[in-house]
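The structures considered in this document are given below.
There are two complexes below, and they share subunit A, which is joined by subunit B in the first and by subunit C in the second.
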Partner chain A sequence: MRLPSPRLLLAIPAIALIFVFMILPITNMAEMSFRTTGTKDPFGEDYTLAHYLRIFGDTYYWGVLLRSLLTAATVTVLCLLVSYPIAWHMSKAKGMKAVFLYACIASPLMTGVLVRNFGWMIVAALNGPLNETLMALGIIERPLRLLFTQGLVILALVHVFVPFMVLPINNALRNISPTLIEASTAMGATRRDVFRDIILPLSFPGIYPGVILVYVLAVAAFVTPALLGGQMVSYMPTLIIGELTGTFQWPFGSALAIVLSLSTVVVVAIFTALTAKLMERSKA
Partner chain B sequence: MSGATSAFSHQGPVNIAFGAVIVLLYVFLMAPLVMIVGASFTGGLLIDFPPQGLSLKWYFEFFERRDLVDGLLMSLRIGAITAVVTMTVAMMAALAGQVLSGRLSGWFQLGMTLPLLVPELLTAVGLLFFLYKIELGKTVVGLQMGHILMSFPYAYVSIAAAMRQVPASLEEASASLGATGWQTFRLVILPLVMPGLAMGGIFAFINSFDLYTISLLLKPLGGNTLPLALFDFLTYEFKPTAAAAATLSILLSILGVAIVQKLVGLQRAF
Partner chain C sequence: MATVEVRDLRKRYHNFLALDGVSLKAESGQLVTLLGPSGCGKSTTLRCLAGFLEPNGGEITVEGESILSTPANRRGFGVVFQNYALFPHMTVAENIGYGLKLQKVSKSELTTRVNEVMDLVRLGGLGDRLPREVSGGQQQRVALARALVLKPKLLLLDEPLANLDARLRDEVRWLIRDLQQQSGITAFYVTHDQSEAMAMSDMVAVMKAGRVAQFATPREIYQKPTERYVADFTGEANFLPCTDVTPHGEGHYSIAAAGTTLDLDGVPGIAAGAPAELLLRPEALELTAPEAGTFRGIVTKSAFLGSALHCEITLPDDSVLKLSAEPNTPVSKGDTVGIAIDRSHAWLMPEVAP
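Coming up: the complex of A and B.
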């Protein structure tokens, strides 16, 4: 057994950064959710379960939570449908074409969420390009009010998260050996067979992290619903931030955040359990 | 041509349809950015695409708006400090991570990327309380710490990937020739990981420049970052000035993408 290398000491600033400014604060937040409501300060001295009871006893909060979880699920599914063909196309590209395609994925990724959402405000405006295209194609007769609808929130979120899904799937697809596909084609497999039995299972190690990441980030996305969702519908993140910055109800806001996180963990666990077989197959 | 391509490259309606879908998907991906850039050059008074005539007046308007320019300067300053600090801390962490192996190394990687994997909202809420407790609430220092934390994983991932490319034998050779640890680092390792280090700094800077949620909760008294100022502007005024501001932000990210391509190649970076 070797002694631990002194070089490990170099990790101290990084570990301190993440521990002090992230793990400690999040633990803190869990504690905060049990505090009583304060009168002068944003939180009280004593502990209570009242905030959780209030959330679970009120169908309004159930509704908002459900809307957040379902919206994120819709976003994740659409994201996968959009990303898979892009990743497939990208994984086949070489040379300058590959560079160009990577740039098309990387530039939105490196542009802020706010800026990209603003782009959708222009696209979806009453006399904006989307309405004009749809009218020119004869699909609609008069412009649709798209801004401040749930549909636009979902569309903009899909746009935000596509790169997070494309990149891992693209990497998984690039790792599939072409000889495997060649061999099965030679043995008479149709394109559909090859896709269902080889490509899809083998790309699952890319799909899985993409799906989890997009879902977790989509559930907690704040900017997009705040900018494009309008005042009519609430999502958990907008509700939480409202409690914290508007009414200064820190304990109640924390309880909402904890409920949101725990429900996300449950969804991720269910997804992992349901897809365990697929993951096994991809390793075989 | 590889086998995979030949198996799937029969010309036919299926392929044409697939090609059309791909084009549409890329249009979907790029359209919002193109619209913003287009709208920023409008000669008209409204945010509109296609723009009404061409002019640069909204850029002049942007630079005359104190709130937006102050936001831009604050974002640039915070981003620069974030890049320098995360590069240093991540470089050290990557050097330490090199000596770990197996499962321990995996856990270390995971720990270092935590701020990326946990939703920004949770970290922001936790930090809001924590900074209040240690009396850094609503200060620039508190906001700066939040940005450093959120951008750290980007720097770490780039630098650690570059470190993995450095063969261990080089370090051993350097040590056996009598170089100290510091000399080996400065003369052997640093030049080799320089592109990865620079890329880490660029990612950290751009990530910091784009952060919104954490800045909203930790916003210092009387200070706004560009995204915060832009959000307010969009909510209350919605003029093409916003498109000019957003175009500057898009230019920055395209510049970042170009530098990363030059340094290490996009394919390896992502």
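Coming up: the complex of A and C.
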């Protein structure tokens, strides 16, 4: 008998984990989404398309899905804008300064998700430090209602996802040889030309994973929208958890979850297709 | 197309003096080589010329006008880097056309000029490839084409052949020299390879610890070096300590070395009795019968190299001379031989701190 190659053996733990904790549950959930609603059990005996028809037939669900996807897109774009300069600065740092910067960048992840969001609630409260500062600076006269707004949800998500954007971009920027910048400068490029034509495209191998990570995490974020978004606006994850743990509509909740997952995959696929050529050219 | 002058250039990094008063001049259309070991300041000089580094002192002029306040992107110099620095995400043609695109020349002119220069460096048909899809020698030619297409006033080449294998190096070396002479572009060329410097240059600056040790033609650098450092760096050399230096007019001396008196030429200005060294290139020496030569010695090594017989001969005062003899010369280790000196290839240099 031929032994499987060692490379394949090395992959077995990962494959097993993914199978048990990802493939099985998702298959299970996909199947559940086609079941009828149960009365005593989590789901009924028969299969049905009713849940999907209900989702696609109701503009309310379309709206929530669209809001989730757009919010995640906004978070991703803002995150990219905030992270790029940080990543640039970091890519120039050496020694202890680099270590210090890595620690700063990772700091949002060092706080638990509940603590971090409660922290935002305190910061953004009517009489919280954010409003007080803005008033002290004379920028506003009356406190703003910041808590339970979409803006605060976006701000909090950007805050926590910055490391996922900074680290890969920092890596990509470090891989750009400084002589490329000198070469383009000697050919007449201004700093703006160098950035647009050399640095930005060559950092794409870092932008791409950053964008995908942040987008996927932002679409699926539950605690932040639930705590900081309030009851007025719904996002897909809060809706899904509501169906699953609030009303125990497991089949319908599963259908919503599947719709959200597939939409995310479609968005990621479109982004990948649009940037395939750039990615192919810019990867080292 | 432009005379370039570097005067008393100084550059300091923290506590390290990289350039300690470098002065050079390239006449219009000349190729000037900066030759020296790593850390001698040759690349630093080139980077100051390119505008990537700001010197702490001194002056660089092009056609008599200072360029120090002109930023690198407006100097209009072509730069070729050791690692080529091709833009990996642009095709060969896009790399070459990038500078023209920045100048906003029309699309048709851009295509024409890119194609022209690609033919010139024999890259025809490779325009749509990415740099990583062409060979090392081709990448080097892309880098060259990219610099030439902008018709630069000055071409700066930083060890452009260092990453090529020996065969390609020869080919690209002649290509660079031909193109430079055809277009009449003034060029500075950095290398640590003396044969490259000899073969290509109009003028060579041998650099030593942030200074120019000697700035002269390749012939002068090789045959009339100002100090042992220069002679050592430019090829095989024998040195004999001399005594009784007596000047006879400008640059002519009589000396005593290894028990013999000699009349020869040397660096002008060596004082009578000053410590001096005799430079004897291997080609200045010829094996003779023991009694016929200027010197007499014992063969301590002989190696057959095919085209020549390499010998080391120990003189009575224990100094060693290396020379290349005709391959069929019947000598072997332990023989006593005579050595004749071709006076015109002997040269006297003052002793200078290394």
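Some notes on this structure:
The criterion applied here is as follows: the second predicted complex is superposed on the first by the 264 of 284 C-alpha atoms of A that agree within 3 Å, B and C clash if a C-alpha of one lies under 4 Å from a C-alpha of the other, contacts with A are read in each partner's own complex, and residues count from 1 in each chain.
Here, a contact is a pair of C-beta atoms (placed from the backbone, for glycine too) under 8 Å apart; a residue touches a chain by one contact, two chains touch by 3 or more.
All figures in this text were calculated on a predicted structure; none of them were measured in a lab.
By the touch criterion defined above, A:14 lies against subunit B but remains apart from subunit C after alignment on the C-alpha atoms of chain A.
By the touch criterion defined above, A:147 reaches neither subunit B nor subunit C.
In the superposition on chain A, A:200 makes contact with neither subunit B nor subunit C. In the superposition on chain A, A:216 contacts subunit B only, with no contact to subunit C.
When the two structures are aligned on the shared chain, A:116 is found in touch with subunit B, with no touch to subunit C. More residues of subunit A lie in contact with B than with the other chain of the pair subunit B and subunit C. Once the two complexes are overlaid on the shared chain, A:185 sits against subunit B and subunit C alike.
Of the two partner chains placed around the shared chain by superposition, subunit B is the only one that A:108 touches, whereas subunit C remains out of contact. Judged by the touch definition given at the top, the superposed model places A:233 against neither subunit B nor subunit C.
Of the two partner chains, subunit B is the only one touched by A:125; subunit C is not.
When the two complexes are laid over each other on chain A, subunit A has residues 179, 182, 185 in contact with both subunit B and subunit C.
Listed in rising order, the residues of subunit A touching subunit B in the complex are 5, 7-11, 13-15, 17-18, 21-29, 32, 42, 82, 85-86, 89, 92, 98-99, 102-108, 110-116, 118-123, 125, 127-129, 159, 162, 167, 176, 178-179, 181-182, 185, 191, 194, 213, 216-217, 219-223, 226-227, 237, 240-241, 244-245, 250, 253-254, 257, 261. Against subunit A, in their complex, subunit C makes its touches with residues 50-52, 72-79, 81, 83, 85-90, 98-99, 102-103, 130, 146-147, 150, 156. Across the complex, subunit A is touched by residues 2-8, 18, 21-22, 25-26, 28-33, 35-36, 39, 47-50, 89-90, 92-93, 95-100, 108, 111-112, 114-115, 117-123, 125-130, 132-133, 145-146, 148-149, 152, 156, 181, 203, 206, 209-213, 216-217, 227, 230-231, 234-235, 238, 242-243, 246, 249-250, 253-254, 256-257, 260-261, 265-267, 269-270 of subunit B. Residues 177, 179-180, 182-190, 193, 197-198, 201-202, 278, 281-282, 284 of subunit A are the ones touching subunit C in the complex.
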